[in-house]
């Protein structure tokens, strides 16, 4: 059992300066704590609740920034893709391609991502039972790519609410893929604010501790220097200043869980 | 209130002969009953539970068959699309573009479909509250296309199960779009057979009657001459021979609901 | 298939005068429409959300009023019981003993109710699958009483929300007991107002129409001359003045469903 | 923050000998580990899925056994009550009265339990949102008894399934009452075996670890020397021999959570 890894960053790629600043700050924290870090950010929020939500910088403007973070800071980068045509160009610029939860059953997208040879992180759909992820993983491994991560991010529970079933973590591990717990989107309240999603930031540490105690390969946490003014997922991102103490605790739980 | 319309056909486009045979049979039934008919069939099952599930004829082989059904039988045709690049070519060959439930939040796909000028039928995601469909409809109307249909097809209810909330029908009607009830996928048991989805065909008439009594614009029913040997959605398709008596009953309920 | 029956009345027994007034008004409506009527009212609201909610007149004060309604108006009376000790005295004064949904698994209460020889109406727990009601019915029939009714009143769906699964109606019918649909409590929002339950009165006709179209023995509707000022279940009771047109429509759906 | 306490024992009181044997074994384990122990057992399983399920020794036969375990072994005893009339006699013989989840809204039972002056442990209903437990706790404290425990044991999630929402633990703590996590009934599959409930014993350690990491006052674990042949809750009880290593791990998580 390898020690807990961290996938972190702001929800959206807002600008080159913002990205470099966030990535540098995260790199410092990770170095101090001795935790492996993957920088996460999205070039496009392709499924906003409303068409009026901000979508991000877009593919073309983002690729050089991704490349920059990798080369200048030496950090691996993860971003999410939404369309087959994005797989090849994005794979040039990042280390991990992420399949969004809503798209986890789209066979062609999974195969196109797999065929880039990059690591593929698939989020489990809110509508999917954990045992059904074995079919999803097989779509990727069947395309010749064994480098798959699976991420739990909550299951639909009535309307505008998700619930995190901790039994899903060992169930997902049966796929053979390392299991990531997304503590940010698990506390999302989809559509809960009418034209945007709400969130319950206060439960990020609660669910993250629970998941780490159960035993996971990595934790996914979106963070921002000022979440209340972030362009997306603000209600469920935690403040950058709160990340280090949270990680310290999670790493202690991880050592205990794996001892 | 216009009388109940019917969207029907086999889940997959299996071959030209099969399509023409099914469309002809459905046309006869619809003519006898005096119900408006749209022929539904899929050229690609893009999100099968498992990669080993049959996917259908594919886009290129299917377009001439769609065109044929429209011209030789005079039936409007509906099919579902999964990728932005499919919108324009498919719109040439069919009357209604359908957005699958998993994809109902993909902004670019909704806009690309809208921009074809064709009618767009959006299925409500299993993970979406009915009131959140107003944002989905606005993505399409905001792109300049007012010809939108919304379809209810069940909400996630625990694992491998859907539930049909009849309150969703009047709630969806608040979008201003005609509301369709998909009686076939509402009785699906997603992933319920390990590597394919199960279904409860016996509840198709139950849920269809309930929905028509509440008041809807149309009903969506997949049918097949031999559902138990159909390549997809067999467990929840009804036999062609059972369609006419079911429709007769539904039309009587519809007249009463709208009187 | 017998025609649709009606179980109706105000949630609480507020006073003798109020009870006689409501029962008389309901008797007139039922006579005009030719629908069988059972008068429903509760002598005690034993499971209010908060201890501060009004509970009703109580057992001793209520029994003579029940007897009065039966003898002077000739109406059968239904009331709910919460404790074994209530079964025998209440059975003297009413025609149907009702087991509340939360208590549907309490074996001794079911048996004590059964042993009175009265008809027993069991509400399905919000936590119970419809197929599990066969065990509940067998607890009653096993105690020698074959006169059982089963009532659907919604299933838990996330927090503070219920959903009505119309598939439950034919599933409950497999118990052999006549199936009642409770259109009032199905639209309850349990605990939804902090210290009391909310409700969605506007969906009573929606769900009642759906259930009658599926096919049921009876419908349960709580009503009040002024629901917004009723001491309990106000948000989900319909106004007495709206009952007759609703019933007229439901009876037409019932004739069609059973034709 | 006090260290984690343990409520443990077999589901049913099977016989005096069995009870003494189990209680002695648990006392030894607790002494070795230095964990506070409350012995739990039920004199009556009042809400079995089917009337044919074994119900236990009954009240009269059980009270002297409870008294015996308290006096000879010096262990505090917890048992559950189902009816107002049981509160006073049972309170003579045990230290903690437990309110079953289905009965957590029965005002008179809560008050009768409160008035005994004993500690009252209320299980949260499977149908209840965690924030609604504040009203339940107030029914007890409003009757003059401040010694209340609240227990999480899963929420309804579709049919025949429960899910444990770890956010419920801090939410329940807002009531001011110590929070217990019932790791046994949280993995129950209600009614899941037709005429009895199923269970997923393998997830007891998973959910217990998660809950302890979040931070709780105590953990509730049913155990049996031979769970597969126990008269009730066998599928979700863990074997006695597996208890000590599990507790050792949970106590380490507890120290970390409270450090």
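Letters A, B, C and D mark the chains as written, and numbering starts fresh at 1 in each.
Just so we're on the same page, a contact is a pair of C-beta atoms (placed from the backbone, for glycine too) under 8 Å apart; a residue touches a chain by one contact, two chains touch by 3 or more.
Keep in mind that what you see is a predicted model, and the values were worked out from it rather than measured.
When the contact pairs of A-C are matched by residue number across B-D, A-B or B-C, over half of them reappear in B-D.
Two chain pairs, B-D and A-D, are weighed by contacting C-beta pairs, with A-D ahead. If you average the CA atoms of chain C and of chain D, the two centres end up 33 Å from each other.
In whole angstrom, the spacing between the mean C-alpha positions of chain B and chain D is 48. Note on chain placement: the centre of chain A and the centre of chain D lie 37 Å apart, centres being C-alpha means. The multi-chain contact residues of chain C, meaning those touching 2 or more other chains, are 155, 157, 159, 163. On the chain D side of its complex with chain C, the touching residues are 46-51, 55, 82-85, 102-103, 105-108, 111, 125-132, 135, 138-139, 142, 155-156, 159-160, 190-191, 195. Residues 157-159, 161, 163 of chain D are the ones that touch chain B when the two sit in their complex. By the touch criterion stated above, chain B contacts chain C in their complex at residues 155, 157, 163-167, 169-170, 187, 200, 203, 206-207, 209-214, 252-253, 256-257.
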